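Structures follow.
Below are two complexes that have chain A in common, paired first with chain B and then with chain C.
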Partner chain A sequence: MKFIAREDIPRWLERLAQAAAVWTPRRAPDGGETVLFLPWEQGSEPELDRFTDLSAKHLLLPASEKLFPFQYRLGGEGEQIEIGAAPATPESVVLFGARACDARATVVLDALFMQSPEKGYLAPYYRRRRQALAVITLACTRADAACFCSSWEEGTASREGSDVMLFPHEDGYLAEAVTGRGEELIGGEPFSERDAGPPDTAVTDQVPLAGLQEKFTAVFSRLDFWEEVTARCISCGYCTYACPTCHCFNIFDEMRDDRCGERCRSWDACMFYLYTLETSGHNPRPTIAHRYRNRIGHKFSYYPENQGTFLCTGCGRCIRGCPVSLDIRDVLRKVGDAR
Partner chain B sequence: MDELVKAITAALEDCELVLGWARDPATGAGRPERFTSAGQAQEAIFDATCVHNLAVHLPRLKQRRVGIVVKGCDARSVVELVVEREVERERVQVIGVGCDGVLDLKRIWRRHGYGVAIEDDGETLLVDGSEVERQPLLQHKCRHCLDADPSIYDVVVGGRTAEGPEPRGERQELAERFREMTPSQRRDFWRRQFARCIRCYACREACPMCFCRDVCIMQTQVPHWAGGEVNPKEAEMIQLIRVGHLAGRCTGCGECERACPVEIPLMLLMEEQNRALEEMLDYRAGTDIEARPPLLTFDPDRDLWGDE
Partner chain C sequence: MTTTARAGRAAAEPLRPEPATIVEVIEETPNIKSLRVVFDDGELMKSFSFAPGQVGQLGILGVGEATFAISSAPSEKDFLQFSVMKTGVVTTAIHELAAGDKVTLRAPLGNSFPVEEWRGKNVLVVGGGIGMAPLRSLFMHLMDHREDYGDLQLIYGARTPADVCFSSDCSLWSEKRDVDFITTIDAEHPEWGGRVGLVPSVLEEENPSPENNVAVTCGPPVMLKFVFESLEKLGFREDQVYTTLERRMKCGIGLCGRCNVGPRYVCVDGPVFSLAELRRLPDEL
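Entry: the complex of A and B
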């Protein structure tokens, strides 16, 4: 197998950065202990031993993006709207140091955003970013108390969504190309050959997922159940924004003056009251219980039904950073046990 | 902790539910729990992992008779909520607990892994079986705490084992560094901080005093105070709105900063404002249940909302 020494990682990153915008886990500048996927810079140290606080989904779905500029003009036929081109995005992006749960999230999102034009939705912004993206995944040899990716068969060793897999080995990493693009990424320097098979990866907590769709439907109308399991929730958007698969957004116009502006898109979260507030004043999801029920339903019932895969990869971020220690696994187990 | 269980059980004779903490099976740390029965109250705990300010739940429960377990800092939130007439004192049973400071769990978890074994007796802290210096791993607010003992309570449980914490620490250093900055340096500092903001509003939702909740002006279209984009400029506007709205109301519980997923030092803004207002108005929010908060008093001869 291919092998790269730990000390050669900066050299490799430098090489990758010649042809692509490279993102690695890094300490945020002046950001305490926070580790995020940030652009690689000359001399920056990737944090490969810590799990990032937020996911890498912004590489496919930025927290905020300008879709196109527009301008109102008075012409011969009255007022016309002139629509400008979408801002350019990088042609080649490498996500370095993702974990299996991050990599798999791209495949989960593809199920919705990369449908064939005949079948479903056209998502040109996503498609452009997705086609530019290559993922170099670091297999986990340790799991923490929030990880639950082993709820899916391949767990920490899943290659789904990865172009290259790195397995920690002695003083470096064994590298395995998963795709053709991956072959290119690990071709040449500074890789050598080493005689070893992929080492064992970690096994995490496992949440029983079988039959969850039906069980969710059975417990759907029991609002008392949802009130009980969400009693501690304060309805912030952290879990949805930290989630590598949550993808809801809001589209709005930001006016720069009274004639021109930009159509923008930002993340939105089903945990917010405003998310479903209708113009009439009616809100179909008026309480936290309604909103959290939707979060669970979308991830573990509607999305699998419509797209054939759970909208979750078990990364555990929603658990680690939740300000009120709400653990989605508890809720899923309670849904599973409810009668 | 028998005393705490007894206090909660007693409160349940009078209350529908008691807000307290139980142990999270995944981490061993405290997590917020609503106790509704004596049997369930057996699970109640209080230790340095019970970081949450449970007063955030009171405004949503205002129609009900509830009990609440509070640390000294949390008690100040209850006081301020009563002062602002968001909560009726008579409807709330306050169970005070003596506190030696609560841990910065996120910092510990980031360093040692989420759910790492934590043992703490108020003086000695063991993380993953090894002793570590306790003071630097407390929440920032605890390192200069003035209110370790609850100011209001119906019953108080346990006492502090240690003296109050030494009022020094990296936050003070940061505050001093901040005060020495020129306005443009300050702007750069905050732009760098706000570059991480994802607008999850955890700061707002975790704040007991941000009880406008679902009708927050940060998200209204008319007037359009803040745009919809996620960028440092909007984040700055949002925090300025928050800071302004909490002027003379922030009790310094630190929940905004604790809830922030990307460690934006929000309390630096709050503490600077609190310090300035205290100098100006000789008022600390949440310290006096009979107080008339200067910035909420339109006519000093009339009652708070002028409804007498």
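Entry: the complex of A and C
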């Protein structure tokens, strides 16, 4: 197998950065403990032993982005509107040091965003970014108490969505190309060959997922069940922002002056009251229980029905960051056990 | 589904709207205006087609977009009409527009009434208030293809005489001998010589036969609830009853997430649903 010494990682990153925008786990610039996927810079130290607090989904679905600029212009034929071109997106991006749950999230999102246009779901914005993205995944050799990716086959060593897999080994990493693009990424320097057996990876907590779709349907109309499981939820939306697969968005206009502005898109959250509030005052999901039920339903019933995969990869970020310690695994087990 | 220049451009950039111009504003009621709109791109306007029940995202750059049913008939080729009730931020801004003003449009979006499946059947259309907007498009389409359908009946209810939308269409329709058109208002009014009564009661008085009939209804949620009950009392099965739904929407292309009813998205799987389909979905309207 290919092998790269730990001390050679900066050289490799330097090489990768010649052809692509490279993102690695890094300590947030505020000097605190937070680790995020941030742009690699010359001399910066990737945090390869820490799990990032937020996911890398912004590489495919930016937290906010300009869709197009527009302006009103007075001309010979009266007022005209001009709609400008969409800003360009990077041509080549490498996500370095993703975990299996991050890499799998791209495949889960592809199920919706990369569908054939004939089905009516058009997502050229996502498609451009997806085609530019290569993922170098670091298999986890330990899991924390919130991890539950082993609920899915392969768990921490899943190759889904990865171009290259790195397995910690002695004083460095074994590297395995998963795709053709991955072959290119680990070709040449600073890699050497090393004989090694199949690498060990961690096993996490496992949530029984079989039959969840049907069990959710059965428990849907029991609002008292949802009120009980969400009793302490404050509807802050952290879980949706931290999630690598949550993808709901808002569209809005920002004016720069009274004649020109931009149409923008940003992440939204299904946990917010305003998300579904209609102008008549009617809200189909008026309480936290309704909204959390929809969140669980979307991830474990509706998305599997429509796209054939759960909208979750077991990364555990929604558990680690929840300000009221609401644990999605507890809710899923309760759905599974509901009579 | 139609193939137009818009479809090609929408595939490349579906959230990018087309510039359009208002050619006429019709004051329907104190809080409803119909806007007739044309795409600024003449080729696009020429090739544009849609089916009754489809919707569009009408917008003002700097304010935003909202989803409205297309209330013109597919045969009205010179413009697209949207009938807009003034309720929120976007609709209030739309109400301030006049002929010549610029808007944006993303259309057509969503599915449509299965008018092809209904050939040879009687069609009963039951509308209330602004819910008449998509039904105007449908009813005019059915009349344009009159020979393809059996009896056509339209029951349209408004709260007061001043709330009756599409009044010039109503006088035309009431003169037609090959359709049965009934307008009703909720309570007696000095300026009203016509039918009085809530839509579900008028529907039951009319006592239409479910035999070889489909019923299509749109209106305020409380009216829909009672119309569904009345239709079932009259013997209509769930698969003979259709409605068209509204939800808060942003993208209109099945991605932004908010308009779902269970696993179905109103923007792409709807807005038209049969009552049978609705009853299979989770109860979250």
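A few points about this structure:
Keep in mind that, in the parts below, the second predicted complex is superposed on the first by the 332 of 339 C-alpha atoms of A that agree within 3 Å, B and C clash if a C-alpha of one lies under 4 Å from a C-alpha of the other, contacts with A are read in each partner's own complex, and residues count from 1 in each chain.
To be clear about the criterion, contacts are C-beta pairs under 8 Å (C-beta built on N, C-alpha and C of every residue); 3 or more make two chains touch, one makes a residue touch a chain.
Please read all numbers here as calculations on a predicted model, not as lab measurements.
Aligning the shared chain A places chain B and chain C next to each other free of steric conflict.
In the superposed model, A:P323 lies in contact with chain B only, and not with chain C.
Look at A:G261: by the touch rule set out above, it reaches chain C but stays clear of chain B. After overlaying the two complexes on the shared chain, residue contacts for A:S280 are found with chain C alone; chain B is out of touch. When the two complexes are overlaid on their common chain A, residue A:S301 makes contact with chain C while staying clear of chain B.
Of the two partner chains placed by the overlay, chain B and chain C both lie in contact with A:N250. Contacts of A:Y238 after superposition: chain B is touched, whereas chain C is not reached.
Minimum Cα separation between chain B and chain C in the superposed model: 8 Å. Shared interface residues of chain A (contacting chain B in one complex, chain C in the other): 250, 252.
Those residues of chain A that touch chain C in the complex are listed here as 67-68, 70, 72, 78-81, 83, 86, 112-113, 117, 120-125, 217, 220-221, 247-253, 255, 261, 263, 265, 268, 270, 275-280, 282, 284-285, 290, 294, 297-298, 301-302, 305-306. On the chain B side of its complex with chain A, the touching residues are 24, 26-27, 29-34, 52, 56-57, 106-107, 109-111, 113-116, 189, 192-193, 196, 198-202, 204-206, 213-214, 219, 227-231, 255, 258-259, 261-263. Every residue of chain C that touches chain A in the complex is listed here, in rising order: 10-17, 19, 40, 61-66, 87-89, 91, 100-102, 104, 221, 246-248, 250-251, 253-258, 260-263, 268, 282-285. Residue ranges on chain A touching chain B, taken from their complex, read 28-36, 50, 53-54, 63-64, 142, 144-146, 205, 231-232, 234-238, 240-242, 250, 252, 254, 264, 266-267, 269, 272-274, 316, 319-321, 323-325, 327, 329.
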